[in-house]
Amino acid sequence: MIEDVKLAKQIIAKRIAKEFGNDQIVNLGIGLPTLVANHIPPEVNVYLQSENGIMGMGPAPEPGSENPDITNAGGSLVTVLPHGSYFDSATSFGLIRGSHVEYTVLGALEVDQEGNLASWIIPGKRVPGMGGAMDLVVGARNVIVSTLHTDKGKPKILKKCKLPLTAVKVVKMIVTELGVFKVTSDGLVLTEIHKDSNIEEIKANTEADFKVAENLKTME
Amino acid sequence: MFKKLISKEKFADLIKDDMVLMIGGFLNCGTPEALVDIIIQKKVKNLTIICNDTSFPDKGIGRLVAEKMVGKVITSHIGTNPETGKQMVDGSLKVDLVPQGTLIERIRAGGMGMGGFLTPTGVGTMVEEGKQKMTIDGREYLLELPLKADVSLIKGGSVDQAGNVIYNGTARNFNPIIAFAAETVVVEAEKLVEIGNLVPDHIVTPAPLVDFIYDPSQN
Amino acid sequence: MIEDVKLAKQIIAKRIAKEFGNDQIVNLGIGLPTLVANHIPPEVNVYLQSENGIMGMGPAPEPGSENPDITNAGGSLVTVLPHGSYFDSATSFGLIRGSHVEYTVLGALEVDQEGNLASWIIPGKRVPGMGGAMDLVVGARNVIVSTLHTDKGKPKILKKCKLPLTAVKVVKMIVTELGVFKVTSDGLVLTEIHKDSNIEEIKANTEADFKVAENLKTME
Amino acid sequence: MFKKLISKEKFADLIKDDMVLMIGGFLNCGTPEALVDIIIQKKVKNLTIICNDTSFPDKGIGRLVAEKMVGKVITSHIGTNPETGKQMVDGSLKVDLVPQGTLIERIRAGGMGMGGFLTPTGVGTMVEEGKQKMTIDGREYLLELPLKADVSLIKGGSVDQAGNVIYNGTARNFNPIIAFAAETVVVEAEKLVEIGNLVPDHIVTPAPLVDFIYDPSQN
């Protein structure tokens, strides 16, 4: 098990960044998914979209050049690239619902082997609201869940989500610090494994049933 | 012609107990804070607020919640304002949680004369409770209904004396859409300009949608 | 009967222009309704909207300053006023369907005493399509029909439209060269009459039943 | 990066018999005429065209009709093009007439992932034939379904090398909406500019919606 949480998150972010292609729209959720931006190769022109109404989001502003009217969906100050643009929320969710967003990357409270996702509510305990997550996971062409493999030692990849769902059968890929799973019509498949992990460790920390891909690769 | 400028007092007169307000903004960005200030000074009661989120307790719409002026909120996110959650649990504030894309589209439907629309968002989740489900071309959708308000409060970037609005950056968010969906629309102008200074191709909210302009620098 | 068609149209246009108030959005149809613009008092700031995507439409351009990218819904070159703006067709019909247009003024093939309107098709003969008319008459707060009182001597204001409808029970006011009718829950009411006409003439040329308002006024 | 410029030949390769095309424009304004020229030179067959109107026989979309390249048109108005009416009567061209506001909203629904919407337009008329009617809050509406296309052809005013578009005047019309609703989007640029020359607040069509840019001045 990779115990260093910071390192674990870097492993996940770095791997996810490899998925993106030129001219694609990508929406990165708050928290761990935000780190993915740091790993996108400079030669790949990804349009980072944030649901509050920005396309072509750039990095955080240099000190002294902050503009309070340029933020991301987490409320953090950001910048816009020279080929970026702004739009209203209806247009922003038109892009999202209309499958113009190629990848949405977000965290999970639970995810299961059918691709169901629970990420927005712990009834009686934590009710932040779904924000834009339900639209994002239903609308984006590819939903990638980025998550630490376990939460306080308990598996997060389950046979069946127990918490209220964000959406049904939408997740295509799950990336943890231990490996990469694809959700297929044939069930969950482990396609990549981190060099410091092994299949026994992953089995012990995963509730879901999964197959191991014949051509299992090393996660990089 | 073009007498849309409104004073602090006249704006305060517009806002009454039990009203339904739409307020622009996304967390800390694009909310007409000076208009919120005036509402707080007036101490109105039992507002219904339709908005993206309830912001922070000391910011934007969050301040109306913290001042206990809100009886009901229709919104997509309350996680950044613990006061909203507290009042929801103690029963003093009713909270309708709506997926963000559905929320803005319901407002658009209200403002643009649609009876509703079909969205795939929320199918198979708690969101579908009580809603009509329809299958179109083999895919399931929820029928979502329009939202309207008595007054919409919007934050404009550059506003001309006629009421045309261009927004700054992501301060745009809900603002241009809620401008369609209320009986009365008030814009708080970041920068008030003369007619002719805005390029017609760049204008986002056409002047006749705006009833009143509030210029904080003149008040 | 006012035989001079040009004069008749001027009478109609002049009367309709009196309806409009400050800051209202008005949509004028092609043909006769377009003439209304010439009679709007300069002190009243009406926003002429055209469904192809313009607000605050101005008069035809001066020779030499035509811009092919500024047209009205009839395809004629126009101008934009300094407080005008442009938008896409979805926004334009959002304004229309959402009751932001205060008045729509359009012609009729037939109009009836229930406020039904037929204006878009003569089956087997003339099928131009409805264009934006169906949205306009359903969405605008007030529908004004501007029409010559008869077509080749035949009444146009009927008990019941015979041609396929543009919309059901939407017309609020009918203005002809002979007078002004309001469509009320109590039926058609003649509220104004042109000085050169009389009630007998109007009765002879109107198929619909109508009442005469107690305070019948002279049309101006 | 930003290699979206397309040649006459490459654009011609994109367009094939039996395709569904959306084409921007309103009568004589805002149609990508140079792209239409290329299609006419290629002599394709049996296109389905989704557009506001069929323009005039010698203009825009009307030319495709006059050249008998269109098997079906979904549009709101054909009255300015006698050729459309003639082919409709002789049975060689199928014409679906749709109210203009419903047409553009169906395209928007297609491009923005809605399963349909409820409009009051057309209730009680021939337009309601075959459609589901629903009553919401005591008012009747028609359920209208989304439209999509294989390729959308749009006419841009100022276009940057990344594909961001600002439109000129009323040449905007259907263009920004059809940019959402097709697998492939080609913009004909009135004026091609360098990246950074357009103000992000003024951009109407965001770059990643555009797949290809055609610059008539370079062809």
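For reference, chains read A, B, C and D in written order, and residue numbers begin at 1 within each chain.
One rule holds for everything that comes next: a contact is a pair of C-beta atoms (placed from the backbone, for glycine too) under 8 Å apart; a residue touches a chain by one contact, two chains touch by 3 or more.
Predicted, not measured: the structure shown is a model, and the values here were computed from it.
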| item | value |
| --- | --- |
| Pair joined by the larger number of C-beta contacts - A-B, B-C | A-B |
| Centre-to-centre distance between chain D and chain B (centres being mean Cα positions), rounded to whole Å | 32 |
| Separation of mean Cα positions, chain B and chain A [Å, integer] | 29 |
| Centre-to-centre distance between chain D and chain A (centres being mean Cα positions), rounded to whole Å | 35 |
| Where chain C touches two or more other chains, by residue | 80, 86-87, 93, 96-97, 139 |
| Contacts with two or more other chains, residues of chain B listed in rising order | 105, 108, 113-114, 119-120, 157, 167-169, 172, 200-201 |
| Touch-based graph of the chains, sorted into line, ring, star, complete or other | other |
| Chains touching one another, given as label pairs in label order | A-B, A-D, B-C, B-D, C-D |
| List of chain B residues in touch with chain A within their complex | 26-30, 52-53, 75-80, 85, 88, 97, 99-102, 104-105, 107-108, 119-127, 157, 167-177, 204 |
| Contact footprint of chain D on chain B as seen in their complex | 105, 109, 113-120, 134, 136-137, 139, 141, 145, 157, 166-169, 172, 199-202 |
| Chain B-facing residues of chain A, complex | 50-54, 67-75, 80, 86-90, 93, 96-97, 121, 126-135, 138-139, 164-168 |
| Contact set on chain D toward chain A in their complex | 1-2, 108, 110-114, 160, 162, 164, 180, 195-196, 200-201, 203, 206-209 |
| For the chain A and chain D complex, residues of the former touching the latter | 22-25, 43, 45, 47, 55-56, 80, 82-87, 93-100, 139 |
